[in-house]
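Each of the two complexes below includes chain A, the first together with chain B, the second together with chain C.
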Partner chain A sequence: MIAPLKPDLVTVNVDGQEIAVPKGTNVIEAARQLGVDIPHYCYHPKLTIVGNCRMCLIEMGLPAVYPATKTPILDPATGKQRINWMPRPQIGCATNASPGLHIRTNSPQVKDCREGVMEFLLLNHPLDCPICDQAGECKLQEQATGYGRGYSRFIEQKNVKPKRTLLGPRVMLDDERCILCSRCIRFSKEIAKDDVLGFIDRGSHSTLTCFPGKKLENNYSLNTVDICPVGALTSTDFRFKMRVWFLKQTNSLDTESSVGANTVVWSREGAIYRITPRRNDEVNDTWMADSGRELYKLVRADNRLTAIKVNGTDSGLDLAVYAAAQIFKASAGAIAVVGSGRSSVEEQFLTQKLAAVLSASVSLVSRVGAGDRILVSADRNPNIRGALVTGLIASLPAQKLTGLAAQIDAGQVKTVISIGEDLVAAGLTAAQLAKVTVVYLGTETNATSAAALVVLPTLTVFEKSGTFVNQQFRLQKFAKAVPAFAGATDDLVVLAKLAVAAGANVPAPDLASVWRTLAAEVAGLGPMAYANIPDTGLLLDATPWSALPFIEAEALHYQPTKPSAAVTA
Partner chain B sequence: MAVIPLVRPTLTLLERTYLPQIASGLKTTLKHIFSPNVTLEYPEQRPAIPPGYRGVPTLVMDPNGREKCVSCQLCEFVCPPKAIRITPGEIPADAPTGHVEKAPQAFDIDMLRCIYCGLCQEVCPEEAIFLQNQYSMSGYTRAEMVNHKDRLYELGGTLPDSHHKWDKKLAAEKSGPAH
Partner chain C sequence: MSAPAQRRIIFQHIDEPGYSNDLACYVKHGGYAVLKKAVTMKPEAIVDEVKQSGLRGRGGAGFPCGFKWTLLDKKSGKPIYLVVNADESEPGTFKDRYILHQDPHQLIEGIMITCFANNVKQAYIYIRGEFPHGARILEQAIAEARAANFCGPNLLGTSYSCEIYVHRGAGAYICGEETGLIESLEGKRPYPRIKPPYFPAVLGLYQCPTIVNNVETLCHVKYILDVGGDAYAKIGTPNNTGTRILCVSGHVQKPGYYEYEVGQITLGQLLNEVCGGPLPGRKFKAVIPGGSSAKVLKFGETFTLKNKDGTSRTLTVEDLPMDFDTLAACGTMGGSGGVIVMDDSTDMVAALANLNAFYAHESCGQCTPCREGSLWMKKITTRMVHDHARVEDGALLKNVADQIAGRTICAFGEACSWPTQSFIAKFGDEFKAYPETKKTAPPAGALELV
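What follows is the complex of A and B.
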């Protein structure tokens, strides 16, 4: 990893433009801040520097000083300090900014270097672009366009290597395409802490491979596919499914745990093809877990709820809401709401409104798994903290719904409104479930939806917009990637209609209106609006909940013991 | 509105009989009766297609009978009226053309959309799609006007291949590393 940046700034000169950067910044990053692109393959901002691709060669010079006195040597023609240019190019990734450093990225020598490196990289590279999944987002293609010579002088036979090696259950290797940048090796070693990859053989026979008896099967293996600058590592799930230039990118969030890794959802014509991480240096850097990338399959799962049902027969939204309102009236005072840590902040806010007008008790379902101390935390609900912020709950959810079970057994609860939670999986017995009338809002069929009197199909995270609050109390937003599944209604609309039918005064069920009310009524959400939340999220003041026993362990960018700093921008 | 008065031409006696006009018309008719035919008895007789003609887009096989399309979807991307729709698929490793790795599962061209521009042929990196001599498409339903993969290969047939890119690739694979 790059050493943490120190605050002291140094001025470097890139192609005649000066910029002040923190000491220790390398030349590629300094030039990037000026909008100057230095092409590179092996350099990755979150991995150690190896400097083996040689693509980022630049000309470098330092201010001249007299060796003995260290006083500047002035150029008599200009009166400025002379620059001693090095006769040979240097690699930009391993050259750190030092005071007065001058670099040239557009000189004939640099151009020659890039063309030379490109020619060598393309010597044995197969003409696979038409069948290569990386085409369209391939650095080799991009740099060949920028710095390639356009034709090959190579008349010998190209090297032959294995084309379909399975490195693990999710990653396929094409050795011919590999340019030996070693990003995947460094990622496995440094980030995933699962050192399974290495190079064997020498020269043009060099091959990426797993160590004997090992496989690339950790839960972060697909990040190697993301960082592979060429098409050597491909995802077995996405392989040959769709060309990337057809796919629309939508910013979203990983909902598998409270880490809230930032993601991009790639879709075409309403079908999601893959999920990749989105860089957020405060949350997930440029990584995400493999398990979160499969969640898009829930959108077209076989068990999606597709019809509004009242008493087992198909119904309409207004009829179902009316039926629910009748149930609420009949069992007034004996209603319980089982909210969800998977709902967005806005939905939890409306759930809280609904519970308040019905004077219902509120419980949440806890989901606990093993945290991996990287990007999957022990709390598998993405938005428990959102429920705290909106006031839906005041303490962390119990492991099982024992309180609700006791209330049902005592006859205090006659109706349960479940927001996407399977009550049987959450600890109720079938007998207890049979004692109550259930109103179920959710995306998939389960024991609760089967037992529910009113079933209202709602949307998955990919079909709606909203916000989550992650383990750092960072408010992050996700956007709608694909249109709603036929038959399902937006959760906000359903919740608002139920609340209105129960007699509550709720804002119109669109994000802008809900956020106007949220900002006015929820302390800490201040003068914000959904549109103003930055893509990298907004840290909320966590001090009101600093005494709660959160279960997340220390992980990447997360310190459980230290309460988050009280910053609300 | 302005009125433009027209002066009718005064015809001579000969012109008023109309006989010279009839005679010249008959002359033209008689000339065409005895001159060679210029029309075709269309469905039975077909015109010769000039080289470079842009007819119905078709998929072609290489001389070994391998389907040349690798479903790179560049034609789908470039197609201005979005007439092409491809579902990519993988060739199993043990198939005779396993070294090509990728082939279309489905390849549909909607001939109601196609504008015969030839961009698909121009963009194809594998020389797999050609606008050939077929110019007549008809059908009773919209569905009939969509050419599926088998129909496209039937229309396209086999064309000579000057590159043999994938044959060379297979030969190199069999002979092992060259250096």
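What follows is the complex of A and C.
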């Protein structure tokens, strides 16, 4: 990895503590590094600075110098350079670190400023907390405990604004709760590049709204809900479903494309309620696409596979594996594996072991969609690069399984092991499918599972742990958020059992064991262990695959190594 | 001491019988002679003359004009813009409208001189939406001047070109704030920008260096170049040079506009002699000396000010010279020159309710203290005049105002809190006694209770 360039550091003083930060770092971030919290609403590290909430007011001072000579003015009492404190408080978000900058965040004036802003924000804010979805993760609530008055001096009538405005299919607006911080407006304009939100009217009557004839319906609209510091914007999907403090948070990954946006899965008692982005400044900043947030619905989808079947009748895992092994024996030398770009690195590794022991040909199914140049890439498989790294494949998959179809037609393949892929959707005809015996591992029913002789239900990404390699060749891990769906078995267990039944020597089907073998056998995964992979991922050496025509276009935090070529047929 | 005579420099021809706002009349009265002289000068020399003159901006803040020009970022390589602030909306102020309506060429000449001095190629006149007639007159005057080569390409046969455009506002007080004005000119909501980093001299209109000057200020620039910076500096008083147009409104016999050398006339002379004193049977009670945002002065209060030699002097309200520095030392400001007079018939709570209603209506709503505080203050004072006053309301009002001033993005925070702070400080007894004294119906014209 390349060492970061040595930044231009300056020393600033926050409440008497000194810290060196890169020049230009704002005061909120500098103080955060010292563990000093400067409350704020409108400031967001990934958006432009507007300074409108005034919550981050601080006292600021600069070292005094003689105007003529620019030499320091020393304080006779201490012998140190005197600090000229500005009479008016300054906003921390727009105050950047400069040499010798002094900040007070705990003075009576700063406290008074924060209490004043808090009181103003609460004046017209409805007392909705008991029914508000934001309760528990509301910045206004949090700061009110620190800087609220505890009682109201306001005896006038509150402003009345629209309570339920549907801004788009996924976002509901409550204007009375809005504190007019403009984060959502800036996000739409600057990140989603879909400038549809704005304020109308003036003063305290200002109201957030969509521009006439427009809707907040871009694929990033739910990020506005995430960054809304209050309960003004809520998700129509999550609204009124669950109190956030009951939810367990699990780090996960967005599997909808090769971007691998980092996510948090929020679940309770085995049910997932929502998915939100997790900050990773190298991958997705603090954003993710709306489409990726819907994926949790796969866990309890109507077409979920729930029973191990052999020849159409319910079976047990070991019996099914035995049946599969018999099939492998009967069709030795005529077996094909259709692996998956949706499998984890560990699963792909075991798939590769299985294919090797069976001397089976391996193909993968590519998925291609339009890339949006933000956080959804053209490659809709999350882990094609994992298949390259583990050696499951050596070149990028074709769009359709034409090679496999030809082998079936030629009678060279009698048995197909499909790892979650629907072979019909991937290009086989029903007639070709009928010619082969299918062993199917997967989460959902489809034409292939219906035709399979052995059906082994496995897990969604939310029910297991593992790693993916994203478009940057960044190895990232995801963790099990909810228990396995009844009747489904961990993919690793199924793959390991199949491989062992076929005569292979594979590691025990747990992540630690698989990783010991991976680290030993796979070049580039070196001396790593699953537990040591950082939450923000680890960049792998991509040079062995630099000649491959990857299809992703330039996007947020992604630069193709060379001009993207058309997908190979 | 009787009041000095008016010194009409800017308003020389205002309301003069027979004087019209067309180019021919302006040229007949010597118009554009100064511009002709200016284009033969070095631009830096013009800037130096203006610096020498000590001219301070007439928009309200009194910022030194020549110094403002020297702050321009001339190294950026970006074009430099001049924006003329003709968004005259400070309550009590009505000077720029006379220039726009009756002597627009004086302004255009001032603009062109300023543009030439600062290498500006495009100037915008941002005129308030409520001046549709003024905008039409300006458009006409610019067309005339352009046809006569007093602006536009190859000004007066030189290689220098500069265009002037008129932009009408849509009726918002905040557009008078220079960065709000710039946002509005760019076609956005007039949300004032945060400073730093958006100082107009560096990152102004379209993120280019920009001068924002008031209409009256630019007319002074023309006069300065006519008589020379040194001669101009002798008008008025030191550090408060030139003349000021004072707009007197309210409870006086003869309200109107008056142009005097800065600091040469006292408030007492202005009100009692020039404006004919209070209405029959009334006495002066209070005066706001520089537009509605300025802090109110109470007749009867005295100010003890330090002299330069270390001694001090005590002044009554009547003694105060109408200049920038003395008024600032007395805790108020010369502001925009709008003098609002209130006599003893005035219900101070109702007067403040009126001002608060204005500021609540005009707060742009961008930053929290002003947005929420201005409406809160309005709601309190409106309630008070509607017979629901509480003894503690005065103290609450002051505290709310204290939570706004100095904590906002732009000066509107001060503008909306200074009236309340000063009314409570000086007429606090009236606010405290209001629940008792106000047992009858609200004063005529009081705002509807919301």
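The definition used in the following text is that the second predicted complex is superposed on the first by the 555 of 569 C-alpha atoms of A that agree within 3 Å, B and C clash if a C-alpha of one lies under 4 Å from a C-alpha of the other, contacts with A are read in each partner's own complex, and residues count from 1 in each chain.
One rule holds for everything that comes next: a contact is a pair of C-beta atoms (placed from the backbone, for glycine too) under 8 Å apart; a residue touches a chain by one contact, two chains touch by 3 or more.
Predicted model, so just to flag it, every value in this text is computed and none were measured.
Once the two complexes are laid over each other on the shared chain, residue contacts for A:53 go to chain C alone; chain B is not touched.
In the superposed pair of complexes, A:444 makes contact with neither chain B nor chain C. Applying the stated contact rule after C-alpha superposition, one finds that A:156 touches each of chain B and chain C. Shared-chain residue A:521: touches no atom of chain B or chain C. In the overlay built on the shared chain, the residue A:116 is in contact with chain C alone; chain B does not reach it.
When both complexes are overlaid on chain A, the residue A:204 reaches chain B and chain C alike.
When chain A is checked against chain B and against chain C, the one touching more of its residues turns out to be C.
In the superposed pair of complexes, A:294 makes contact with neither chain B nor chain C. Under the contact criterion defined above, the residues of chain A that touch both chain B in one complex and chain C in the other are 156-157, 159, 204-205. Those residues of chain A that touch chain C in the complex are listed here as 49-55, 57, 87-89, 91, 94, 112-113, 116-117, 119-121, 123-124, 153-154, 156-157, 159, 179-180, 198-199, 201-206.
Chain contact summary for the complex, chain C toward chain A: residues 172, 189, 191, 194, 196-197, 360-369, 371-376, 379-380, 383, 396, 403-404, 406-409, 450.
Partner chain B is touched in their complex by these residues of chain A: 126-127, 129-131, 135, 156-161, 163-164, 204-205, 239-243, 245-246.
On the side of chain B, the complex with chain A involves touching residues 70-74, 76-77, 88-90, 93, 99-102, 125-126, 165, 169, 172-173, 175-179.
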